[in-house]
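Note that chain A is present in both complexes that follow, paired respectively with chain B and with chain C.
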Partner chain A sequence: MKTNWLVSSRLWMGMAAILLIGFPFVSDSRSALILLTQIFIYAVFAMSYDILLGYTGIISFGHAMFFGIGAYTTAIFLHRWDHTMLAFLVSLLVVLVLTGIVSYLIGVMTLRLKSHFYAMLTLAVAGLFLVLAEKWRDLTKGSDGFTFYIPDVLKDRTTLYFASFFFMIIMFFLLKRFTDSPTGKVLQAIRENEQRTESLGYQILHYKIIASVVAGLAAGMSGSMYAITLRFVNTAVFGTNVTLDALLMTIVGGVGTLFGSIVGSALILLVHAGLTDLAKIHWIFERWMIFFGALYILAVMFFPQGVVGMLRQWKEKWKRA
Partner chain B sequence: MDVLLNLTINGIATGSLIFLLAAGLTLIFGLMHVLNFAHGALFAWGAYFGVWIYTQTDSFLVGILGAIVIGGLLGWLLERWIIQPVYTNTMSQIQVTMGLLLVMNECLKVFFGPNQVSVRLPDYLDQSWLLGGVILIKYRLFVIAIGILVFLGVQYMLKRTRLGLIVRAGVMNKEMVQALGINIKKVFLYVFILGSSMAALGGMLFAPYSGVIHAGIGMDYGILAFIVVVIGGMGSIVGSAMAALLVGVLGAFMTYFVPSVALAVNMLLMFGVLMFRPAGLFGR
Partner chain C sequence: MQPILETDKLTIAFGGHKPVNEVSLKIMPNTFTSIIGPNGAGKTTLFNLLSGQLKPTSGRVLMKGKEITHLSPAKRTRLGMGRSFQITNVFPSLTVQENVRLAVQAQAGVYYNLFATPKKHAHFEKRAQELLETVLLGQKGDSLAKNLAHGEKRKLEIAMLLALETEVLLLDEPTAGMSLEEVPSILEVIRQIKNQGNRTILLIEHKMDMVLSFSERLMVLFNGKLLAEDTPENIMRSELVQKAYLGGLYDDAS
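Here is the complex of A and B:
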């Protein structure tokens, strides 16, 4: 069957990519550039969450801990050691090792539990990390946080924009490769029916731990990049809100579709920026969490397939018609 | 010695407050396997609205009654419109109730402003007695007394009434109860309302106990209640009472002697229980 060019998602993705690459050359809006950079980085964080929520079917309320570990590790390396590219790359390695160890340990200890307990326990562990970051003042400067210099190469906003953009593209293809791999297929089987997958002879726990580690590594890297864009880090990176942002982005964009996380990240951050602007008009918009929370509840209840899921449904209908 | 005794009384009073929150949580989970992340928000709403009514009417008792009524009403609304549609779907349940917690906390900030609200005790409760070097604060004893009363009341309800019989049977085997022609959804609605009003009562009692309230107490005490429910065993009222006392007293001692690790100790306690005895200390 000949595919209709209108519904070819690759074409749309390619066009979006070209537009995004061209963007810095046509627009000189600094704030738009920064917003897009944040969208790319949050998209990676949301994708890493999608590995857990969308592909394996587990809910973690503590995903912010990996994000926070990444942000703090990079910040501390650049602040304490040297603000060069070498220090940044070494810090990325350390982030991978740290988040790998933490996600493995937490996975081994908690993934045996039922979903309720797992959600609660991850919430508790992330809380511990928040307390740790607040109390270990020598290293983290407490809840005030600290600013630091970033490598000269990344100082230019446009360079950082491209770095984040390609970071997102690379992570997208890596994670896509992972979810399409045999391991990824087993994860999706676990999501669909845990008992049946187990009786087919798969060690559920092992696969869940793999998912947890992969998600942890990706989240840690996005945390590092986040710290670089802000040039500042404080304990907010460990907050429950960070996890919930990822949850919201994943759900609005469409669970179980890595691309949906990118769409979700863009939607949520754009809406957030819009609402922050509106706060000048009416104070109620300062409480944007209400809108997000309500949107989130409605999305879970009535719109579980998300934007990308919905587009795919339309595409199926189109093909059949 | 006096310090130890004072700390113990403090701990028991805090434990009573946590128990009020945990009792509803454990019943709701035991009966319907719904883990209500928004339970802490009911605590905060009880505190804010109770205090509001208290300052409007200038009567502490009316404030307490108001908090209980508002908790019950909210419980009814939440159960009917938000929890019921996601009964069978654990994933949506966890997410919806967590979203609810956020929205309800933010609503409090909209209604009452983002700053913390200070609360003063009525004069007749704001006294203390000195008993051989031990200071007995009247309000703490009042809180403990209410905690004991509620515990006895819930125990009576569970053990001596028809509703309690159905609830206990439902905790054991939900399908069997339904097969006997009992509308368990209705029973669950009642339990949810009961749990919500207990949480709101706990919040209202907490307000003058700490002197200030802020919108974050829902999350903070919600987590404590979860820890208690996990330690005590899901669905067990006695377990929750014991665990609430344990967490309360342990918390009081830790805050006094090693304040920096106070929160971590509770978390580690829950961690240990979940690792080695996932059913909880008093669970089956």
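Here is the complex of A and C:
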């Protein structure tokens, strides 16, 4: 096997990381900084979805619920209690407990059944949370949502940028460690051939629940960070669009790769921002769902392995050549 | 002595059809038993009932005297019953190495380790490599399982079964689809396991010479019924078996 610096993905990742760390010092574009911050946070959300879809082969239509639980919990803590770091950290703990419980219960209830039950139940429960957020007005101020203050240390856009960047890096390595672990390998075996995995002595249900919980926890954390960057929360965080975004990001970036979710998040949010700009020229660009629909179809038809999957394939060919 | 594996009027019905019909058998520990019978006799279905892939309509399965009729395949494997599949049944998009490694990991009882690095379990890889060499796939570790030739997949299947190190081995036509040159080496692997003398082996096989040279006991399955169960010599002599099975019905091609 010949190693070539051109195809060393580590090198490219390192360079990208240096560029991203340097970015705030060379650019004074506030909107670019905010966009990148969003990309980092959505990347974590997409990675959490990849644990389900890409690694275990479970489809969820309601992954937004964990994102929403994270966003609302943090927002409510900061709003009701105090806008301090302590309140934020405690809210993160509560998010972990809540998303852990919800993802565990949904997993136990549906994962022993045929796979579409998980998809349907997650859809239904996410819908329930949406209704809850609308109706529990005392706490959530209904569908208008509410703004809140964030801890002073995080107020600076650049600080928040770095906080989100390192949040993404840490989550990437944690989840990578998980997918490389003995348990992570079993998840991939389940995706490949469930019945065969079971005949090796693995109890499938336990593993699917583990995947469901890990994905739920990571998604909840990304929701918390999301609320912090917006300093605002409303019921949109529970919307089906949020789940579809994650689906699109993992598929376009490449399922079952984790890193693909980061690429997918960047692509989708950049295209989204680009279309929003173009909307000033013609209204058709405002209907970005049309473009995303088209993108989705093209991705599935022409590169079902996503960007990262395709790059890996080229790399393999290059190595052999 | 207590049989290690036992069935009691084991029956499964698909609609009106009963591919396994009131089969009662006893398998003694550390014996080598072959199951023969024409295509569609119910051999694979019987294995599916033993290993838990299918649940019987009626009847019972016992292992070491303990009823296991309602246990999942995973639990039966943990109790010490491993099997290979007639239709190749591997993890297509994982490498050959990873396929065997998963079986090694299961054997080691490492089920729920969420954060260990691959380095910590390097010995799994080593063991997997040994097993691959045993089945003559030593060079193929890095290939994806789906890119293997048919015969190679069969060997991978055997390596995965061996990795489990179970007391009971159910082998469903292990050499079917292999090229003729490959068959002897795989037979040699099976012979070695047999000679170790600490495994109970059930083999489904159409190759008569193989069956006769290995087996202590022979079972004949015909239309879902257990037609005869005896030493190979007696079976070959039996008129009933000759008529029903070894006569025109035997399909030598498969």
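In this text, the second predicted complex is superposed on the first by the 317 of 321 C-alpha atoms of A that agree within 3 Å, B and C clash if a C-alpha of one lies under 4 Å from a C-alpha of the other, contacts with A are read in each partner's own complex, and residues count from 1 in each chain.
By our rule, a residue touches a chain if its C-beta (ideal position, glycine included) is under 8 Å from a C-beta of that chain, and two chains touch if they have at least 3 such contacts.
Not measured: the values here are computed from a predicted model.
By the document's definition of touching, of the two partners only chain B reaches A:Val125; chain C does not. By the touch criterion defined above, A:Ile18 reaches neither chain B nor chain C.
In the superposed model, A:Gly293 makes contact with chain B only, not with chain C. When the shared chain is aligned, chain B comes close enough to touch A:Phe61, but chain C does not.
Applying the stated contact rule after C-alpha superposition, one finds that A:Leu247 touches chain B and leaves chain C untouched.
The larger set of touched chain A residues comes from B, when the choice is between chain B and chain C. In the superposition on chain A, A:Leu86 makes contact with neither chain B nor chain C.
On the side of chain A, the complex with chain C involves touching residues 177-178, 180-186, 188-189, 192-193, 195-204, 206, 210, 214. Those residues of chain C whose C-beta lies close enough to touch chain A in the complex are 51, 53, 72-75, 77-78, 83, 85, 89-94, 98, 101-103, 105-107, 110-118, 121, 160, 164. Listing the residues of chain B that touch chain A in their complex gives 29, 33, 35, 82, 85-86, 90-92, 94-96, 98-100, 102-103, 106-107, 109-110, 219, 223, 226-227, 230, 260, 263-264, 267, 270-271, 274-275, 278.
Looking at the complex, you find that chain A touches chain B at residues 57, 59, 61, 109-110, 113, 115-117, 119-121, 123-125, 127-128, 131, 135, 240, 244, 247, 251, 284, 287, 289-290, 292-294, 296-297, 300-301, 304.
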